[in-house]
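Okay, so here's the structure we're looking at.
Here the chain labels run A, B and C in written order, and each chain numbers its own residues starting at 1.
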Amino acid sequence: MSTNQANFLQSSLGKKLIMGLTGLFLISFLVVHAFINSLIFCNDGGTLFNEGSEFMAHNPVIRVVEIVLFIGIILHIVQALILTLQNNKARPVKYAVNNGKANSKWYSRSMGLLGTLLLMFLIIHLKHFWVVSRFTDEITSGEETMYGEMKEVFENPLVVIIYVLGVISLGYHLLHGFQSAFQTLGLNHPKYTPVIKAIGFWFSIIISLVFAAMPIALYMGWVK
Amino acid sequence: MKLDSKIPEGTLEEKWSKYKASCALVNPANKRSLEIIVVGSGLAGASAAASLAELGYKVKVFCFQDSARRAHSIAAQGGINAAKNYQNDGDSTYRLFYDTIKGGDYRAREGNVYRLAEVSANIIDQCVAQGVPLAREYGGMLSNRSFGGTQVQRTFYAAGQTGQQLLLGAYSGLQRQVGLGTVEMLARHEMLEVVTIEGKARGIIARDLVTGKLERHFGHAVLLCTGGYGNVFYLSTNAMGCNVTAAWKAHKKGAFFGNPCFTQIHPTCIPVSGDHQSKLTLMSESLRNDGRIWVPKKAGDVRKANEIPEEERDYYLERRYPAFGNLVPRDVASRAAKERCDAGFGVGNSKMAVFLDFKSAIERYGHNLAVKLGVQNPTADQLKDFGKQVVEEKYGNLFEMYEQITGENPYEVAMRIYPAVHYTMGGLWVDYNLMTTVPGLYCLGEANFSDHGANRLGASALMQGLADGYFVLPYTIGAYLSKEISVKAISTDHEAFVTAEKAVQAQIAKFFTIKGTKSVDHFHKKLGKIMWDKCGMARNEKGLNEAILEIRQLRDEFWKDVRIPGTNDELNPELEKAFRVADFLELGELMCMDALNRSESCGGHFREESQTEEGEALRNDDKFSYVSAWENKGDGKYELHKEELIFDVVHPSARSYK
Amino acid sequence: MSGNMNLTLKIWRQKSAKANGQLVTYPVKNISPDMSFLEMFDVLNEELINKGEEPIAFDHDCREGICGACSMFINGQPHGPKKGVTTCQLHMRSFKDGDTIVVEPWRAAAFPVIKDLTVDRAAFDRIIAKGGFISVNTGNAQDANNIPIPKIDADLSFNAAACIGCGACVATCKNSSAMLFVSAKISQLALLPQGQVERIARAKNMVAQMDEEGFGNCTNTGACEVECPKGISLENIARMNREYFMANIKE
């Protein structure tokens, strides 16, 4: 890497670019994830869902994408940490009174907090499903299906609540993050930005509802 | 000492080009070793500093603000004149020259003013090249508007922020040189003394306003670009920090002060609302295009504007000046407002205001728009709404500003306005080279006396500041510096620097030993009142004599009873103010003396003894066709020198707006 | 006079850059609603001087909202609660009798406090010195009408150029980011044909200097745009991002 590129990636705008690009990439993953999740609503006892998750677990292309995905998540987190540390350093003495609500949305100011909650949720979530599907032989051996695993996990109301809270954090994170990513990429136009903002708004709400629907539906027994 | 204005020989049209073709130059290698000090970073200072640095000189710039970008040139609203004739309406260098000389009531030098008109077109080119976003037409060409006192459209503008945009343009040029290392910028520094060695200006003493440390700076030449002294009146449209200190220190070191009594009072300002008032805000002159100025016909009428029927209103400008009506020049409009208020017809709580009413403009525009939109039989409310729409488009930002400050909605109630001090035509006397009577000491922009005579036309201040800085001084300074190339940089340990610094230290020490009971502002307000009452819009012998005595008395009090809190070794705004007010207290007296001496009325200077039967200003060309240049003889003594004004081309005539 | 107010002010007092500061409470009485916020400070300072105390240092100059010197963080907002105005244009009628008003200096590592409410904003000047200009020496210019500029571009450029460099954007940004300020200058010049020649260097150098000054990073909360007294738009930040990315792709 030439010093020029290194300078670019280490600059404030370079880091923002990485945040924006990884953010959008993770958003695209959410779409796939939400699609597979919604297969449970076929109400076929999880057959289609299991096929989907089977595909995701064994397709070699997906396995490569999965690595990229993890790199994306880590980059997103690491950049966020660096940026947050820098931002804290940029204001060593805080205000005694700061009326943030007068000029911005609380969730836009709380992306770090929401991200941290999301990360905690993600760890729990990975432990519940990803670790089980990859590193234990229950599922790979065919003893247990992903769908069955899910039903088991979501029997616990506490888990359901954690998931719903995680999804709410995700919703707010997206509510700011979606349109923010476009702004970072330099896309702000009087004609198109309102459209992006509207898409971002509805996307955040729909994707959160889809994700929340799954644990709730399984817990309540709406799907078999 | 005989004043030599050094106007080049030749016809008016060839003076400047001949001068440029024949003036001495400094070769590039020598420029590198010549140092120039620029005090002030407004249009004149920033443009001069950047241009000189581009030429290769070593430049140091000083400003008292926290950044060069904050100089008060930034507050000019209206525009900048230039004889471009882009509108094909018959404009020319000669016309701009003629309008400026006439507008100044024949009290400016022909040679200087013609040069100003000549370089005006280059200014616009330079600013546009710098990226100043001047207003444009849909075809992409620059837009112009008209301004008072002219019959052509030659004013370039950037909405209501022309001064801001031009200053930021000059500032960006200056910062470019700072980045290149050719200019050293010292913000939060105030010049407190000029250092002269063997009669030539060789440097300054400046105070670092953050640490209080006095610094010595050497320069082969010193440029004062420090703006006007309108704040001598305490209340003015100037910024709070505007002051005369640099010019006054120079004056005390031998620079003559030209026409100190020439001040411009702007007719459309928001009136004073109470004792707390710290400054006055100007409303653009353009409002007089559509607003009608009036007072009630009955003295002491306390009714609200809307309650006074049409027949009980006195549209006094339309009555007195049927030809020009509400569009008479600034000085005439201001005096007429004062006359009505003094006679007891003023409005508002203070009774020192007149109405500027947009009711008929709203009605008129409402009808026009209704016709344009094809609305049949519009209701009164509809008409009013239409009218408001048009007025908002034209003056929206000004109306907003008015509402911000007064809390009144000018679409519904008539505005209240009153004249306020706005600009000072007087300043340090300079010759054609912009050099003061101290060799090597130059003065540019509003700080000098040249070009505007006794009254400045709208949109000419920006023009003069940039003309001086970009296109005049970079040439004329060569004539002086070419003889200085053998002078090595003088050490600031030189006795002259030591003595000058000691003098400043002594003044600081004196301030802190007084330990009096009154704040600096207390004295400043008192001085302002004396000046406004007795040396303001109308002046007379008795009042001026009284004012001189009162100012002397106030000055004595100041030096006995002022209280400066804090210490010298820190950021101390009260100490800064004390320096400035101490100088205003001396300048105020000189202004009154000058006004007393000039027993004619001309431009912004109105002597009650010199008026026609109808109360119009009466100039006296036989006795007063000269520039008053005052020499400071120390101990409050001044000697008047006269520079005769010679009019080869235009012939002074009476201004009439009837 | 009727309608006058009594208020409690809590003002940040700090003797010098190195000293520790704290909020100090000052009651002020009989404040006219027609006063500007700074005129209220004048009244308070006059009182303090008369009592033999040190007046409060604050930056101000033009007092008509254009020089950008005034800089007070009032009740948690730069330039106070009213939108589109600077502190000097904020009038006391925006407050009620009995209000407590907390006044702090701009807070940012890149804007160190000099004294009380006065901060050092020289970082902005240094950023401009790195590229906030068009390199045209005096006398180089061609006729001003030789390059026609579409009105829409000229207007957009003007809107960006309206920035007064007060630093409210930095002050209100949760990250103390200067991106609205920097992007306004980059936009103004990028939108004009005259600015094209130095476009790449300008974006790179100004952003590099901004980073070096220790301003924070933009997280697009949009607070700067809301608090900007001159209504500088977030579109400028997006434009700056584009300029910077393109500059780095090209060179």
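Criterion: a residue touches a chain if its C-beta (ideal position, glycine included) is under 8 Å from a C-beta of that chain, and two chains touch if they have at least 3 such contacts.
Because the structure is a prediction, the values reported are computed rather than measured.
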**Item:** Result of counting contacting C-beta pairs for B-C and A-C, higher pair
**Value:** B-C
**Request:** Please find which chain has its CA centre nearest to the centre of all protein CA atoms in view.
**Result:** C
**Request:** Using mean C-alpha positions as chain centres, tell me how far subunit A is from subunit B in Å, no decimals.
**Result:** 61
**Request:** Would you mind pulling out the distance in Å between where the CA atoms of subunit A average out and where those of subunit C do?
**Result:** 36
**Message:** Counting only Cα atoms for the centres, state how far subunit B is from subunit C in Å.
**Reply:** 26
**Asked** Which residues, counting only subunit C, touch subunit B once they are in their complex?
**Response** 15-16, 32-36, 38-40, 42-43, 46, 48-50, 52-55, 57, 59-69, 85, 89, 91, 93, 114-115, 118, 120-122, 124-125, 128-145, 147-151, 154-155, 157-158, 161-162, 164-165, 188-189, 192, 194-195
**Request:** Could you please specify the touching residues of subunit C with respect to subunit A in the complex?
**Result:** 10, 12, 23, 73, 75-77, 81, 102, 104, 107-110, 172, 174-177, 179, 207-208, 210-211, 214-223, 226-227, 234-235, 237-242, 244-245, 248, 251
**subunit B to subunit C touching residues, read off their complex** = 47, 50-51, 54, 65-72, 74-75, 84, 86, 122, 124-142, 158-159, 161, 163-165, 168, 171-173, 175-176, 178-179, 185, 187, 210, 237, 239-241, 273-274, 276-279, 281-282, 401, 404-407, 470-471, 474, 517, 519, 521-522, 563, 565-566, 570-574
**Fill in**
Seen from subunit A, its contact residues with subunit C in the complex are 4-5, 7-8, 11-17, 83, 86-87, 89-100, 102-105, 108-109, 111, 176, 179-180, 183-190
